[in-house]
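First chain A sits with chain B, and in the next complex the same chain sits with chain C.
Then we have the complex of A and B:
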């Protein structure tokens, strides 16, 4: 009767719509990576050689590790822009030779430094209710200033051998740094999914005031999150210093912004409790792949920087556009 | 139009305003229904009634903040429809709101003339504005400099400026919404003088208040609203205090409430509060909540019952005194002013504003309830979520949803409220602190929420509630503590209490205090 006549076309047209909705809900990074790979396949098939892909993966490893920390912060409605400053200090501690300590102690010192920076960030954000953007940006300036002042006395030297090995060596064809990335990523993904901490992060991201009013340890969660974030930044700096082989005053300068872009492209959104760890990791690869693709098109350093800026801006716009949608 | 029908108040030249059959709804809730009455030139007209009777809503309709669903407002005999607050102001209606609306970074003069600054050559005439502002302040008797930045004033002074706004506006109708809530004695005197003057100038003054002293002292006419309906409008001198109270209250309880437990209650306390000052400047209070009972903190809005509950929950820091939690074995835990600690000790707060403080709207029902199960779990440990228990709770509580993965934001108010209660039931706390247990909840869900709270108490829990609905106290609570100006002025047994008695205490405070005033 009339009912079925009306319903039938609706049923038939449902499938594509459901599929479309599923696709639209996927992190941009999945679709973007597929599109980039297809594009490269047409224009620059050379880039798709397994060997080159692994190289790009190795380039993406430091960013990928920093992204783990950044996405954690964003899920708690916070932000960590202090990565650049952390990387700079870590690079200086490791390569300046200012501290004549064995390698293992230098590494331990760097990790301790990461804990302190994360705790200071969290302190200002929770106790003084300062904006995380301002706190962590100020942190970059302070740390950068300290390193600049110190480096007048001693220029950075070369990286410790163990980190050089991690940054550069490969087992079989597989780069060690990529293994470090996976070794950080998988347990963290599991931890966030299964642990009480992960639940608290989602709760705070969804409604910080409710978290506060229902007795979730809000302050402690923010502390742990920011300390973890800084520790991932330290680990990321290890890989950068190891890969480059020596310290420099520009180590990790674009880490914070790139990690932010990757988190956004990876589908993590402020306060929805949504967003895994895999989406942002794919996004880190996607960013590196796109930079390489641009290089293969003969774009120089300035052009690459402009393109990089444009990608980040586009990511932010896409994020804002999606942010408006989920209410529907 | 029947505006000039014979015997119609609107045909009377002294009639400034007439409400005719006004109805206003907010979603499923009818705030006003079929309200009709008139206001006359040169009178002070009290609008009174219980919390939630519709006083403020009615005045916001007049001030252009809301528009009615049906019915009309006749201004000088003509039906008007204001396109927002500015339209109402242009029509000669000024409002002094109960909450502060001053901009703290502007001066007193700038605030007084905000939006109607005197101009000269298209620019703001600062000098004229200051002079006129100072004249207004002097006329009202407010000893303030018009050049002072409002943010630098203390709260009582800011309220005086707020009141002066009513004097600046060249309005025919001035609405005062609970104007004395934050004023001290001399401030009230200034207000009384200003109102007397405005009355003499032939203005109509609407005075929203539930302070009986002020109504009898200041107002010529009194309109009483109840549950959004018009009860009566009559000369104040024809009313006694007792009339007023009886007219404000009284309604059928129906079968909304679960039966109270007839067996003698166990006498061991779950929560005790002694010499407890929730806010600076309030008197200390002492009370206990026993296992198996539901206790209500009743009172008019703004009298501090909400603050007492929030301070016990640790959400605001108490100014002094002690709160203690007793567990089933009698072990005492002093409560510290931190929600993390009170939740661990076994107290669960169900806040009035679900959206803002209660629920994780973008998360699922299961995720919301599961967070309760992690109340005492160490952060690094694995989150053990008993999905069967969540499903069982959803069934017991009759949460109507597709399944546990449904997003909370998509649920109705009643089901959201149940999720919030479910989170604490899953957490194993034995004291619930509930603000407005059924705000924005339909009648069916109300009955279910009352049943849940009663069952919680019957299983050895203790419940402390605040509610602006007197029937809720009477129907649900075993004991009712009436709060007046922050002090506990009466303790009533729920089964003997009636609205009139509660209102009398809530309005007049202690009998002794009432006699003095």
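Then we have the complex of A and C:
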């Protein structure tokens, strides 16, 4: 019955437009990665060797893991800029020798620390209704200030062997850290797509007031989101410390900003209630690949920063131009 | 009359914390540290907070319309390297034009394209910081002697910073409270939709706010560069966040529509006294960063908003 109603030739003539619209709605990271790979293929074919691509993937793993938490927060109309502070504390706990505990207990302590920071962030954001930007930035000031001051008395040392293994080892040609990334990414993608929690996240992101009025456990969802976000930041710091092999006061310094850039490139936007987990993950790879490509062109740190800023601005403008109302 | 007073008080954002905190700090430091009241230390505090006050005034203008600008720190750095690397005759105009362009970019992104101000200014912060490092990779260069004199010369026994502060305060106070533009900002910040429906143009004032904030950053950069007598590509780094902290401590609502010049002065003095007090007591300056963070948390927690989120 319905078949007869559909005008088939008209449908057929519409499909290029539908396909075009679908492509235009894809996260910028997909098209950007393809464009970068093609560009590299023409200008720097060496970068496309599987071995190098895996190396870049390994570089992207810590960022990719942090991005999972950041995208979760942004989907709930919140933001977590405290990654740098968390990474710094985790690096200090693991490498300073301040706490003479076995490796497994240090790792457990770091995870507990992540839960506490996430809960404190969420407490200020939900109960005291403070801006998530300010709360998480203040957290960076507090954590960073304490660790930097403590480092004057006891400098960070080398990383625990288990984390060094995870950060540096490979199974075959495949880096273990990339496996950790996939092991965090896939269940999280499935969980957000299938679970009731995932629906809550999307509902809150789409319209917080409507979500609140519908009886969705708004505050509990934001608590869980921020705690998960901090835990992903801790996991990310494990990989960074393991990869570098020792602690430093610059551990994870650009994690928050890069994760924000990756989330925007990955198609998760404030207040849309939309966004997946894969888009931002691809964006994490895209960012790392672009940094490597820029380095291969001889562009130093300043050039990279300029490119990074321009990428974030253009991606944000492109998404906003797709139909969001002007913000403040 | 009482109602009128109450309304005025409400729009200024001044409250117990904004007024009480600097007063308590002042009392604590004057009792606890003998050097606090020395003319040299007071002049020191004044010089330390001058740049922050100028930037915070710019931040206030943006916060009044419910925006935020974290790129001002990079604008300070850019100004510094431009002043230290160009000839004296063109350095200041070029620095101001560049700052205005950064503000224009921010304003276009936010007001025309609808990008969240935090994201837009974050992007420009990274871009401009990169640009500053591209011009000058490390501290150095020569600063025009006139600028050094403007930032360092004492007039009638008062440090130059004092005059910079008073001029900046006067300009912003007149702009906000004596002009139609200022009134529009309060209207837009309180409710942009209502303001637009009442015939208040929303886009142009927003653009202007971001440009003014960047210009405030440039002026702070001119002062700082003159004072240090050298260019520094990372000079402005702490100012983006510190200026937000200063206005939040001064009772300025980051959601817009509420704030005052006096509040900004009080917030800036609070921050200045914290670092000065820490110095006098001999505590690591890194702990003062942590304390600033704690104060920021406290200040924003007391500004309970309607909405949860960013």
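In this text, the second predicted complex is superposed on the first by the 309 of 328 C-alpha atoms of A that agree within 3 Å, B and C clash if a C-alpha of one lies under 4 Å from a C-alpha of the other, contacts with A are read in each partner's own complex, and residues count from 1 in each chain.
Note that contacts are C-beta pairs under 8 Å (C-beta built on N, C-alpha and C of every residue); 3 or more make two chains touch, one makes a residue touch a chain.
Just so it is clear, the structure is predicted and the values come from calculations on it, not from any experiment.
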### Message
If we overlay the two complexes on their shared chain A, which of chain B and chain C does A:317 touch? Say first, second, both or neither.
### Response
second
### Message
Under the stated touch criterion, which partner chain does A:276 make contact with: chain B (first), chain C (second), both, or neither?
### Response
neither
### Message
Which partner chains sit in contact with A:137 here, chain B, chain C, both or neither? Use first/second/both/neither.
### Response
second
### Task
Have a look at where A:97 lands relative to chain B and chain C in the superposition and call it first, second, both or neither.
neither
### Task
Mind telling me which of the two, chain B or chain C, contacts the most residues of chain A?
C
### Message
Is A:194 touching anything from chain B or chain C once the two structures are fitted on A? First, second, both or neither.
### Response
first
### Task
Using the superposition on A, tell me which residues of chain A are in contact with chain B and, in the other complex, with chain C.
218, 326
## Note on the structure
chain C contacts chain A in the complex at 65-68, 105, 109-120, 122-134, 137, 189, 192, 203, 206, 241, 244-245, 248, 254-256, 284, 286-294, 296-297, 300-301, 303-310
### Message
Using the touch definition from the top, list the residues of chain A that touch chain C in their complex.
### Response
76-79, 124-126, 128-135, 137-146, 148-149, 152, 208, 218, 222, 257, 260, 264, 270, 301-310, 312-313, 316-317, 320-321, 324-328
#### Entry: Of all residues in chain A, those that touch chain B in their complex
194-200, 202-203, 206-207, 209-218, 220-221, 224, 271-274, 326
### Query
In the complex of these two chains, what residues of chain B are touching chain A?
313, 315, 339-344, 348-349, 351, 356-363, 367, 370-372, 374-375, 377-383, 423
